[in-house]
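In what comes next, chain A is part of two complexes: it sits with chain B in the first one and with chain C in the second one.
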Partner chain A sequence: MAKRTVLAASIGIILAYCAVALLAPVIAPYDPHAITGAPLCPPDPEHLLGTNDLAQDIFSRLIWGTRATLLLGFIGAAVTVVIGTAVGIVSGYYGGMVDEAVMRLIDVAMTIPIFPLLLILTTFFRPGIYITAVLMGLLGSFQGVRVIRSQVLSLAVADFVTGTKALGAGDGYIMARHILPNVLPLAGVKFVISAQHFMLIGIGLGFLGIGDPSVVDWGQMINRASQNGAMILGLWWWLIPPGLAVTLISLALAWLGYACEDEINPRLRLMRV
Partner chain B sequence: MNAALLEVRGLKVGFPTPDGLVRASDTVDLELYHREILGLIGETGSGKTVLGMAILRLLQPNTVIEGEIRYRGRDLLSLPEDEMRKVRGREIGVVLQNSGTSLNPVYTVGDQIAEAATLHQGLKGSEARHRAVELLDAVRIPDPAVMAREYPHRFSGGMRERALIAMALACSPSLLIADEPTKGLDAVTKREIIDLFAEVNRDRSVLFITHDIEAAATLATRVAVMYAGEIVEIGAAGEVLSDPAHPYTRGLLASLPERGMRPIPGSAPSLITPPPGCRFSPRCATKDCKSEHPGLVEVGPGHYARCMLYDRG
Partner chain C sequence: MNGVYIIKRLFTSVAAFCISVTIMFILLRLMPGDYITMYLETIYRYAPPDVVEAFNHVYGLDRPILEQYVLYLLDAFRGNWGYSLIYKVPVLTVIGEKLVWTMVILVPATALATLAGIGIGAYSGWKRGSKTDIALLNGMIFIRAIPSYWLALMILIIFAYYLNLFPLGGYVDTGALITGIDPLDVANHAVLPILTLFLFSVTGTYYLMRSSMLMTAGEDYIVTARAKGLDELTILRKHALKNAMLPMVTMITLECAGMITGSIFVETIFSWPGLGMLTYKALAVRDLPLLQGILLVDTLLVIAANIAADLIYPLVDPRVQVGDNG
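Up next is the complex of A and B:
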């Protein structure tokens, strides 16, 4: 079945990226910052993807760059999902004034576009990959709160929740044991979709030159390549690989996200048929 | 009789809506004695469920509640929330309506059955699992050790009902409130559930909310009939159901299939602006009482009816 193949392929790709990120020191032939020969070499057996203007090995940089991108995406998504789920559950469960306050705050916050806001915010902090990831996660969590809350609204009045109250359970117990497990699938999808979104934002920040200068990331690689005429000089091995790497992981996450969404929302499945 | 286990006095429950206050329960008085089954009957929307939920204080926070609900002498309505939590599940158990959706789909039945014991008695892990199997066995679920590991969707309607009863009994409460436990069950399963309640009743009182008059007749010691938020007749089950005093109860019995299936004309009145005088008067064939609102009058020993036929000021 085509859908299963896509799902398997996307999981395969994501796992492969994770393996590369973890094993970067083993796989990469050179230190990504080291000068390894002549600058701007075309690909050869020594340098699989040639060298850049600083004579750094592009292949090694590509491998190390996986770490930055995955870290940014996954840490950001984790922050988003944790905050979104926690606030969404509390807001939807208690309803009333708490809910009203949270939702109006989010309505306002959501009118601010996340990318320009990040551009400004990152200039206030020492550029660092963790700070950026957490900031992205915070800003991205608003939407997560809404998604989770809307599901919790119906769960909070579900018969089994009333039943658990009737057994003498407190609010904390009900939220943790009965509501949380029911929103986890949704939180999972939100994680995958946010991870993709944040990876792309991370690349964008790197490309604009406000990434963490102490790490290698694909955005900065693309930036450096295009700044130094890779396009005009036809140095495809410098420009294309990081671009392809981003595209592939981003596609894989999107596919996985859609497949999971289909799985938890039967209505979507019907619509696509 | 000895002191009542549960005493409801002047209970008024109202739900604020944009159109006005819906008086779902209006000045309800009743007692529930030790080891008795009180059948609460009435049509949909007459306030039966609301009464049950009000006793456990499980209604929405904006509900307007007045009156007293005394359980073993303590007024439940003035109890702080954390004290009330200790009453729920431990002192008073409840079997909610809609057994199909009353179990959390993400946990196995066994994981949920002993939840009250986990909450009140700190039962954990294998102890809780063991208790769950015991409870399932007590409500006659075949192969309880195996069924405890199944998810709720694998249970049939009758089995879910049993599981919910087991759940409510986990801490051996002295009072069990059962809300339409025979709803949607076939005749054989219904019979089994009724038998189960008779057994459950040996150690505790049961408030049996139902619109199944036959079930109430089989089980109940006493019966209370509700109409439009009021109790219109209350008394020993045999007496009320064989020799009803109130025209509504008579109509209810006459509408049963085995007694001619003659429905009461008209429909239940609005609970926002109930009819003046007797609430049943617009549908009543016996008497037209638009000006006076009758009180509950004793028509026989322990048998009361709210009707102008008997209320002579």
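Up next is the complex of A and C:
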């Protein structure tokens, strides 16, 4: 069915982006920061996407920008999923006071708007790209805790867990060997969805002009292009490619996330009554 | 609503507000440089020591840190949020002025998106697996994946720049300087920002409503209704829709935080003079007092959305009293 094709295409796109990010020094014709000719050149064989106002090669910057995007998305998602899974399992497994305390804390934390807070933190501490990714992961982990915890709640009273307990297994052992494998699929879906989310947010920071200036990222490229009149001057090769690049990877991850969610939640699966 | 629940909600709200304030207090102290270096950016170096001392005294910076914190917290509750560094007026005044303009685009966009999302989502979920459903679902996933800033930029380029249907930005024509603000003119400027926010929000509501409808459509009472011989439209309207809508109410909170994020990008791109563009400007010049005010207002907006959800819930579902656990 067409669904399989779309899934294969999504995975293909994600892998292609990873390859481009890894091979950036080989693929990119120029150093992304180097001055390579006249500024604001239209596309030609020398510069596939022309040059920007600083005479940097836009194609090379686009290639290098893949790295920042994937780093922001995947590191942020990894942090979110690890915290969400660990806290979610402990909270759901022990229940009682521990669970109550964690849940109230999350109620409060979720009332604070994450994005404005992230904006303030990045503006004043000017963190590098890695810290920014970790920060996003930390601030975004609350919802993940909830999702994992609600799954663990039913697992914690399942017969196989009670049985293992009766055999004398310790709590740590049960959580690591019996609960964790059962929430891994859910954590996997959360990883894909978070990666997409954090890529968009990370590039959004660059777009608002508060990205890490030492790295090339698509958000800063879009920002620079729109701030310097690329739209009015009709320089589409400056403004459009970075936006299309973000949209494509975002779509691929969204499709993958949707397909996975569909797979592990049979009630959502399309069926005719 | 029972007492315990109200107290819980009140506690969560106040705690969230206090944490926002506390974060800002800690940030102020962690920042490189003193408050005065931020206030008198270029000339603080030349300030005589007694001026610095007087400055610190006026702002209470010579008091013990705990006392400073308590005062800071109290002032936050009293609405004394300090002065904006760029506008040189109380933060609350600036924010109040801009908040109105944000509401001009946020309220219609959210209302339309909620109605459309629920309507289309319900239809899609009801007709699950049909060609229409698949097409709608794919279309919505596609729109959702487009970053809001990119969507706004494309809408601006296509509708304002190439098709020239709407103004490129701002909220009134320059003619307003002479004739005064014309509501029709404002509406004309508001169309594209509202459209972008609408597209940004409708996909989320749609997706949730569709999932909720898929769950509801499999319930026994729907099968019973069908067995009674009721026609599809009656089942949908009287049985499925009402039940499928319940989970939507609790989503208002998350949606609200998302709309705040969306409005920062949308207002910046369309030069709409609301809270979002104010955030962008404050970021550009690192106006910390203004930024902390914005964070507090955003927190208050989310709290208000929470309370609104609590109030709406009993209206949608008269069976349960919110928080009534028995």
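Note that in this section the second predicted complex is superposed on the first by the 268 of 273 C-alpha atoms of A that agree within 3 Å, B and C clash if a C-alpha of one lies under 4 Å from a C-alpha of the other, contacts with A are read in each partner's own complex, and residues count from 1 in each chain.
In this text, a residue touches a chain if its C-beta (ideal position, glycine included) is under 8 Å from a C-beta of that chain, and two chains touch if they have at least 3 such contacts.
Source: prediction; values computed, not measured.
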Contacts of A:100 with chain B and chain C, given as first, second, both or neither: neither
Partner chain(s) touched by A:210 [first = chain B, second = chain C, both, neither]: second
Per-residue touch tally on chain A - higher for chain B or for chain C: C
First, second, both or neither for A:117, with chain B first and chain C second: second
Chain B versus chain C as contact partner of A:258, first or second or both or neither: second
Partner chain in contact with A:196 - chain B first, chain C second, else both or neither: second
Chain B versus chain C as contact partner of A:226, first or second or both or neither: second
Touched partner set for A:44, first chain B, second chain C, both or neither: neither
Which of chain B and chain C A:169 touches, first, second, both or neither: first
Residues of chain A that lie at the interface with chain B and also at the interface with chain C: none
Of all residues in chain A, those that touch chain C in their complex: 104, 107-117, 119-121, 123-125, 143, 196, 200, 203-204, 207-210, 222, 226, 231-232, 239, 243, 246-247, 250-251, 253-255, 258, 267-268, 270-273
Partner chain A, residues of chain B touching it in the complex: 56, 58, 61, 82, 85-90, 93-94, 96-98, 101-107, 115-116, 119-120, 164, 167-168, 170
Touching residues on chain C, where the partner in the complex is chain A: 12-13, 15-16, 19-20, 23-24, 27, 30-31, 128-129, 133, 141-142, 144-150, 153-154, 156-157, 161, 211, 214-215, 217-218, 223, 253-254, 257, 260-261, 264-265, 268-269, 279-280, 283-284, 286, 288, 291-292, 294-295, 298-299, 301-303, 306
Residues on chain A engaged by chain B in the complex (per definition of touch): 96, 158-160, 162-170, 173, 178, 181-182
